[in-house]
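The two complexes that follow have chain A in common; it is paired with chain B in the first and with chain C in the second.
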Partner chain A sequence: MSLPPLVEPAAELTVDEVRRYSRHLIIPDVGMDGQKRLKNAKVLVVGAGGLGSPALLYLAAAGVGTLGIIDFDVVDESNLQRQIIHGQSDIDRPKAESARDSIRETNPNVEVVLHTERLDSGNAFEIFEPYDLIVDGTDNFATRYLVNDAAVLLGKPYVWGSIYRFDGQASVFWAEHGPCYRCLYPEPPPPGMVPSCAEGGVLGVLCASIGSIQVNEAIKLLAGFGEPLVGRLMIYDALEMSYRSVKVRKDPECPLCGKNPTITELIDYEAFCGTVSDEAQAAALGSTITPLELKEKIDRGDDFVLVDVREPNEYEIVRIPGSVLIPKGEFLNGEALSKLPQDRQVVLHCKSGGRSAEALAVLKGAGFADAVHVGGGVLGWIKQVDPSLPAY
Partner chain B sequence: MAIEVRIPTILRNYTDGAKAVQSTGSTLGELFANLDSSHPGIGGRLVEDAKLRRFVNVYLNDEDVRFLGGLDTPVADGDTVTVLPAVAGGAPDAARV
Partner chain C sequence: MRPMRVTVNGETREIDAGSSVAEVVALLTSAPSGVAVALNGEVVSRGAWERTPLASGDRVDVLTAVQGG
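So, the complex of A and B:
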């Protein structure tokens, strides 16, 4: 299936532009016509992070005329392993501004539009409206469903990508011509069920592998050549070095783009996706201590066992002194319970408090009534108690 | 009958790290039940109340089994079953860790 170009061609290319884009212009499929279409194109990239970094740089280099960037975050040192649009001197700067500066250096012909507010149901239509196509580099389910729903309701195509450790996925969702993300995954996983990259990690260069697939698809759609990745899901395995694709069908029962849609406007995506499960929230209520309170307990010599529920490799990076490691998975499958003392208080912690709340719910359910968890986790400990430890 | 089941990264703790395991069955439901006997716990991550979990996609070769017959989909020797749960990628949002 090939699709007509999304964008009308610009009137002309300047002499400078012809020189700059000559390696495109001599490809028959692109040519002057395709390059003029790119010049007229307006692309919005959601997130100047792992996927957004290479995507923005390649879209800029390719000569996309207008690039919008949505990001409200600032550059952190731990971003630089993969977010190549930012550099050492950008640490603590807004990512949107840092990305704009790199784009200007790559291609000053590109007009960059910054959106530094947090994308939400109230502003998504207004932000998306002027753009021809959206590239989704988001990291969480709430924003991903928001981007999908806004794109479908506005009739715009979007190029989606996802990464985890050594695995990547990409597809093009365009309800007019194929399925949407809700056809692929009707519902998000319950909170705590599926780890994020912050918990599981990601190989830096995987961002480039998937981000460049996203740009490849964006360019094809804008200029109208090739076979778009509509109705197919590309699955990349960096360890095997294999690409496979599976079919993604339009779901006639899709609540958004199916025959009888029930979602006709944007919804509350935080509530739809949840952040921490109801059980974890209930368990943490009244059973959460601060890192400083943990320090006081240690200094007083209270009798308790401190359990770190993160993964072994995280434990190796940094740990709170005196903690023992029992990963969250062992709470979920019940193995942890036999390892814990019945006669001493149990204090749980993780990286920042989400996983330990999930494990706490299991403990409370098993009768460990006085168990508590540390709000803010080891990151909170580093911030409030021992800033000499490395944060990750 | 041996059918290859490809295991996603986040479920490999049930398979001692193996990316692909062999199992048997004449339907997908049987295949997953047998898989759970050899790798206890994995079944519950795929199936809930006798239905596939909605955030877990399963492909028989390159077709999504939701459009074939769900857990009743017949499977045969030489088929490849791929399990693909939704994952959050990109850069982490610290608020959600």
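So, the complex of A and C:
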């Protein structure tokens, strides 16, 4: 199924542009016509992070005339292992500004539009409206469902990609011609079930593998050649080094793009995805201590056991002195309970407080009434108590 | 129930003849949200899992949504 080009061609290419894009122009499928369409195209990239970095650089190099960047975050040192649009001197700068500067160096012909606010249900329509196509490179389920719903409700196509450790998935969602994200995944996994890249890690180069698929598809849609990735899900496994695709059909029962839609406007996506489960929130209420309070407990010589619920490789990177490791999974399957003392207080912590709240809910349910967790986790400990330790 | 062989995420498994997609998913995870299932290379929409039976030799891929970017 080939689709007509999304964008009308620009009137002409300048002499400079003909020189710059010559390797495109001599491909018959692209040609002057395709390159003029790219010149006229307006693409919004949501997130200037792992996927957004290669996506923005290649879209810019390819000659997409207008690139919008939406990102409210600043560059962190731990981004540089994969977010190649940013460099050492960009640390602490807004990602959108850093990305704009790299794009200017890559291709000064590109007009860059910055959106430095957080994308939400109140501004998504207004931000998306001027663009022909959206590229989704966000890092959380809530924003992914927001991008999907806004694109479907506006009738715009978007190129979706997501990554974790060695695995990547990509597709083009365009409700007019095929399924949407909700046809594939009607709802997100339960909170805490599927880790983010910050929790589980990601192979840096995986961003390029998936980001380049997204750009490939974006260019095809804009200029109108090839077989678009509409109605197919690409699945990439970097360990096996395999790409395969499965067909995805429009779900007639889809609540957003099906026959009888129940979602007709943007919703509260934080509530829909629930960053922390209701049980964990309830458990943490009144049972959360600060890193400084933990330090005071240690200095006072209180009788308690400090349990780190992260993964062994995280424990190896940095740990709070005196902690013992029991990963969160052992709380969820119940194995942890037999390892814990009944007669001493249990204090849980993780990286930033999410996983320890989930584990705390299990402990409270098993009768450990005085158990608490450390809000902010080991990152909070590093910030407030011992800045000499490495944050990750 | 007679057993039959299907391939689930690349591994051969014996399951009851006539098992549905939903029953195979339940073997792998207790939380079916955030999961997509492809049967012989084609995604079965969530609402059709219960009414989609498997046949001997079927290839089932159970995919998990990831959020990273």
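Everything below uses one rule, namely that the second predicted complex is superposed on the first by the 392 of 392 C-alpha atoms of A that agree within 3 Å, B and C clash if a C-alpha of one lies under 4 Å from a C-alpha of the other, contacts with A are read in each partner's own complex, and residues count from 1 in each chain.
Criterion: a residue touches a chain if its C-beta (ideal position, glycine included) is under 8 Å from a C-beta of that chain, and two chains touch if they have at least 3 such contacts.
All values derive from a computational prediction rather than experimental measurement.
A.B. asks: In the overlaid three-chain picture, which partner chain does A:247 touch, first (chain B) or second (chain C), both, or neither?
C.D. replies: both
A.B. asks: Mind working out whether A:189 is in touch with chain B, chain C, both or neither, as first, second, both or neither?
C.D. replies: both
A.B. asks: Under the stated touch criterion, which partner chain does A:138 make contact with: chain B (first), chain C (second), both, or neither?
C.D. replies: The answer is both, since A:138 touches chain B and chain C.
A.B. asks: With both complexes superposed on chain A, which partner does A:333 reach: first (chain B), second (chain C), both or neither?
C.D. replies: first
A.B. asks: Touch check for A:50: first (chain B), second (chain C), both, or neither?
C.D. replies: Both partners, chain B and chain C.
A.B. asks: Determine, for the superposed model, which of the two partners chain B and chain C contacts more residues of chain A.
C.D. replies: The larger set of chain A residues in touch belongs to B.
A.B. asks: Once the two structures are superposed, pull the chain A residues common to the chain B and chain C interfaces.
C.D. replies: Overlap of chain B and chain C footprints on chain A: residues 47, 49-52, 137-141, 144, 161-164, 167, 169, 184-190, 193-194, 196-197, 200, 202, 233, 235, 246-249, 251.
A.B. asks: Spell out the part of chain B that touches chain A in their complex, as residue ranges.
C.D. replies: So the residues of chain B touching chain A come out as 8-10, 13, 19, 41, 53-55, 57, 59, 62-64, 66-67, 82, 84-97.
A.B. asks: Any idea which chain C residues touch chain A in the complex?
C.D. replies: 31, 33-36, 38, 41-43, 45-47, 61, 63-69
A.B. asks: Could you please specify the touching residues of chain A with respect to chain B in the complex?
C.D. replies: 47, 49-52, 73, 79, 82-83, 137-141, 144, 161-169, 184-190, 193-200, 202, 210, 233, 235, 239-240, 244-249, 251, 275, 329, 333, 351-354, 379
A.B. asks: Would you mind writing out the residues of chain A in touch with chain C in their complex?
C.D. replies: These residues of chain A touch chain C: 47, 49-52, 136-141, 144, 161-164, 167, 169, 183-190, 193-194, 196-197, 200, 202, 233, 235, 246-249, 251-254.
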